[in-house]
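Below you will find the structure I want to go over with you.
Per-chain residue numbering starts at 1, and chain names A, B and C are given in the order in which the chains are listed.
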Amino acid sequence: MTKALEITNLTTRVSGYTILKDLSLSVEQNELRVLLGPNGAGKTTLIDMITGRYKPNAGKIAFYGKDITGKSPDIIFREGISRKFQVPNLYETLSIFDNVMLSLKGKRTVMQNLLRRTTGEEVDRIWEVLELVHLAERAADPADSLSHGERQWLELGMMVASSPKLLLFDEPTTGMTEHGKLQTADLIVKIAEHHTVLLVEHDMHIVRRIAKKVSVLHQGQMLAEGTLDEIVHNEMVQQVYLGKGGDTVAA
Amino acid sequence: MAKSAQNKIQRQPFLPLWVIVIGSGVAAAIALYPLFGKAYIVALLGKFLCYAIFALSIDLIWGFAGILSLGQAVYFGTGAYFVALSLKISYATEHPTRYGGNIPDFMEWNGLTEVPGFMQPLIHLPFAVACALIIPTLLAFIFGVITFKRHIYGVYCAVITLAESIILQDFIIEYQAYTGGFNGITDFGHYSSTYFLWFILAITVLCFLVGRLLTHSRVGTILKSVRDNDVRAEFLGYNVANYRIFVFCFSAFLAATAGAMYGAWVGLVSFLDTGPVFSIEAVIWTAVGGRGTIIGAFVGTFLVNGAAFFLSGVLADFWQLIMGGLFIFVVLVMRDGIVGTLAKWLRRRRDGTISQMVEESDRQAADRQRDFQSGGGTKEPEEI
Amino acid sequence: MLSQMLATQFLTGLSIVAILILVALGLAVIFGIAGVINMAHGEFIMVGAYVAAVVGELGGNTFVALPAAFVVVGLLGLAVERGIIQFIYDRPLETLLATWGVGIALQVIIKLIFGSQLYYVAAPKILDGGVRVIGILPFPYYRIFLIILAIVLLILTFWVLYKTKFGLKVRTVRRNRNIAGCLGINTARVDMMIFVFGSGLAGVAGAALAPIKSVSPPMGFPYAVDAFMVLVLGGVGNLWGVAVGAGLIGEAETILAFLTNNVIAKLLVFLFIVIAIRVFPKGLFGYHERS
C-alpha cells in the first residue's frame, strides 16, 4: 500500500546553515508517529517543508504517491494535510464558531464561496467539533478571549474540522498545565484512531503515553527510528540526550 | 448553555431593523429634498452620495480585508474623467467656442485642431461609461496580481498605491491637451436634475446593499479571516492572494461607479479627484463612521463632508488643523468609529453590562478552577 | 555630443541621488528599526528648511542651520513619538494615518506662523559658484557640498548604528525584539531614540535643501514620496539599501527625464520599482527574518 507520507533525501539550507541534511522518513496510513529531537534538530523546519511554507533545496516529499515538494501551503492543505502551529494561529476577532466554520473541508475558491450559505450538515459538524474540544458554550465569543490552553484546543478543533488525511502537530501541549497536557494527549490518540498523525513533541511524559513508533531527529538527520523502548535503549540517542536534564529517559 | 451560544450565532439578520428604518428615512429625506430645498444643497447631496460609495469601496478593502490603499482615488478619478471627457466632447460639438472650433476648450488652447483619434469614441456616452467602469477595474486587477500574488501588502502596498496616485495626478497635469491639465474639465452639460439625483441615490442604495450582501456572506467572513491571520488562512487552504485581488477589483469597480456618476453630476473634474489627498481623506471618512461596518462609510462621509462644508468657510485654516487632529483622534481614541462604538454599546446592553460580564466571567473561571482541583474529567484545559 | 550630454546628466543625477539619500536616510532608520512610516516626514523636512530660513534671518548660514535643524526637528520627533507613535507601534497602517494628520497640522501651523509666501534661503557665500567638470556649464559647488553631506551622513549613521553601544542595542532590537527585551534592553526607549534620530536627520535634509528649493509649507511632501520609493526599492535591511536605492532611482529619473520628460521618467521608474519588488519583495537589500 502506498505510504501516506514519503520523504526522500530532503535537504534545506537557510542563510548558509544546513538545517536538514539528506533526511528520509516515511509514515504509513493511519499511523501515529512521534518526532523527537533536541532544539534546532529541524523538526519545525521539516513540518514547514511538508506544508509548503518553504521550499527544500533538494529531495522529494510524496503524499500518497503524489509529489507535493515545494507546492504552496493552500494547495497542500487541499491535498489533505492539516497543520497545527506551535503557537496557536487563530482568527482573533472572529467567533470560535467562525474559526471552525472556515476550517471545514470544502470549497475554497472565491467563485465557489460567493453566494454560499453554510449548510445544516456543516453546522452540525461544527457543533460536533466544538463539543469535542469543550468549546461549545463559548461558540459566539471571539477567539482572542480564550485562555492559552483553550486556544490550543480551538486549533485542534479546527484541524479536526478540516477532515484531513494527515495531521501535523507541532508541540501541541506547549504552555499547558499538566492536566491540560494529558487531556490533549488523550484527544490526539482519539483523533489518531481515524487519521494519520505526525506529532512533534518534547515532553517525554506525553510521548510515553501515546507513542507507538518514534523517529528521532538530530542536526537535520534521522538519528534513530523504532518503538519508544528501542529508542530509549539506543546508545546514540542516549548520547545526544544525556546530560540535557529534563525527563528521565530510562524506561 | 450551548443553546445561548447557538442563539447568538444564529441571530445575524441580513439587515438589522434599525438599519432598514433609519436607512429608508434618510433615503426618503434625500429623495424629497430637491422638491422644496435649496439648489446648492441638492448639489452637495449628489456629491456626497458619490463620496459615500467611494468610502464604501475603501471600507471593503480596509475594514474587511485589511488592505490600506492610499491611492484609491485613481479608480474614482479615472471613472470621473472618462465620463466628463465624454460629456465635454459632446457639449463642444454643439456649443462651438468663440473661435468657432467645436472641440473642448482645453484642447483648443493647447493647439489641437480636432479631437484626437483615440478619444473620439468617447463622444458616445455609453462607451465612455463602459470605459469608466471597466478600465479602472482592469487596472486594479493588474495591480492586484502584481502585488498580492507576491504577498506584498501592508505598508509597502500602501506606499505603492500612494505613488501610483501621484503619478496619475502628474500625468493629468502634464498632458493638459488631453485632460484639461491643472484647470480640469469644466463647462459641459452636466446632469443636475432631480431625476439624476434619484438615479445616484438608487445606485448608492444598491451599492450598499451589495456591499452588505458580500460582507454578510461566506466570502465576507473569509476576507475578515485573511485580514486577521493570512498565514492561518493559507494553511487552511485559502488562496489569500485571489481573495485580495477579488475584493480589490470589486472595490475599484465601486469607486469607478462613484467617480462616473460624480463626473456627470458635479460638472468639474480635476486632478485633485485622483490624488492622494482625496484618497486619504476618504479613508478618514470611513474611519470616523466606523470601518468594517458598511453603513459607517455613509455616516462618516456625510458627517465629515457636511462639517467641512459648513465650518471650513468660518474656520479657514483652523478647519485643516481640525482635520489633522481628526486623523490622530480616530486612530488613537475612537478606533471603531461612530457606528462601531454604537454597535459595541448596543451589544453590551443586550448581553449585559460590563460589570455583569465581569461577574459572569469570574464565576465561570471559579467553576472551572473548582472542577480542576476536584479532578473532574471533562472540563476544558486552562492556564493557572 | 550625446555622450557629453549623458555624462552631464549623470553628474546632475549624482546631486539628485545625494538629495534622495538625505531625505530617505531618516525614514530608513525609523522604518528599518521601529517598523513605522512617518507620513509627516515631508513636513519634518519642511520644518528643517524653515529652521534654515530663520537661521538665515538671524545672520547664520547653512553650517549653523544644519545642527540647529537636527535639534529642532529631533525635538519635534520626540513630541510626536511620545504623544502619538508610542501607542500604535503594533498598528503600522494606522501610524500612516495618524502621522498624515500630524503632517497636515504641521503645514497649517507653519503657515499660521510664517504665512504661505515663499522663503528664499541663500547658500553660504563660500559655496557660491561652481566648477567646470564636463561641458560648458559649471557644476555648482553647493551641489558638490550636498553630495559630500550625503556621504558624511551615511558614514555618520553607519558609525552610530555599528560602532556605538546605542547602535548595538538598536541592532539587537532589529534582529529579535523579544530577546532584546529579555536581555534587558529597554526596547521602547530604543524606538523613541531612533525616532528622534531619524527625525533629526530629516531636519538636516530640510536645512540642506533650503538653498536650492524655495521654502513653503507644502514643499516637503514630494520629498517624502521620493523617500518612500527609495525605501521600497532599496529595502530597509541596511544602509546599502538607501545608497543603492537612491542611486538607481536618482540616476534613472535624471537620465530618463532628459530623454523623455519628467512625468514619463517618474512613471518608468515607478514601473521599474514595481517589477523589482516582485523579485525582491522586501527591497534589494531587504532583511529576511527567520521567524
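In this text, a residue touches a chain if its C-beta (ideal position, glycine included) is under 8 Å from a C-beta of that chain, and two chains touch if they have at least 3 such contacts.
Bear in mind that the values here come from a model prediction, so they are computed numbers and not experimental data.
Visitor: Can you tell me which chain lies farthest from subunit C, using the average of the Cα atoms as each chain's centre?
Guide: Comparing chain centres, A lies farthest from subunit C.
Visitor: If you average the Cα atoms of each chain, whose average lands nearest the overall Cα average?
Guide: Central by C-alpha mean position: chain B.
Visitor: Return the distance between the CA-based centres of subunit B and subunit C, expressed in whole Å.
Guide: 32
Visitor: Need the CA-centroid distance for the pair subunit A / subunit C, whole Å please.
Guide: 46
Visitor: Taking each chain's centre as the mean position of its Cα atoms, how many Å separate subunit A from subunit B?
Guide: Chain centroid spacing, subunit A to subunit B, equals 41 Å.
Visitor: Contact residues on subunit C for subunit B in the complex?
Guide: 31, 37, 84, 87-88, 91-98, 100-109, 111-112, 225, 228-229, 231-232, 261-263, 266-267, 270, 273-274, 277-278, 281
Visitor: So in the complex, which bits of subunit B are touching subunit C?
Guide: 66, 68, 70, 146-147, 150-152, 154-156, 158-160, 162-164, 166-167, 170-171, 174-175, 280, 283-284, 287, 317-318, 320-321, 323-328, 330-332
Visitor: Applying the document's contact rule, which stretches of subunit A touch subunit B when the two form their complex?
Guide: Where subunit A meets subunit B, its residues are 51, 72-74, 77-78, 82-83, 85, 89-95, 97-98, 101-103, 108-110, 113-118, 127, 131, 133-140, 147-150, 152-153, 158, 162, 175-177, 179-180, 183-184.
Visitor: Mind listing the subunit B positions that touch subunit A in their complex?
Guide: 1-2, 4-6, 8-9, 217-219, 221-222, 224-225, 228-229, 231-240, 242-243, 246, 372, 378-384
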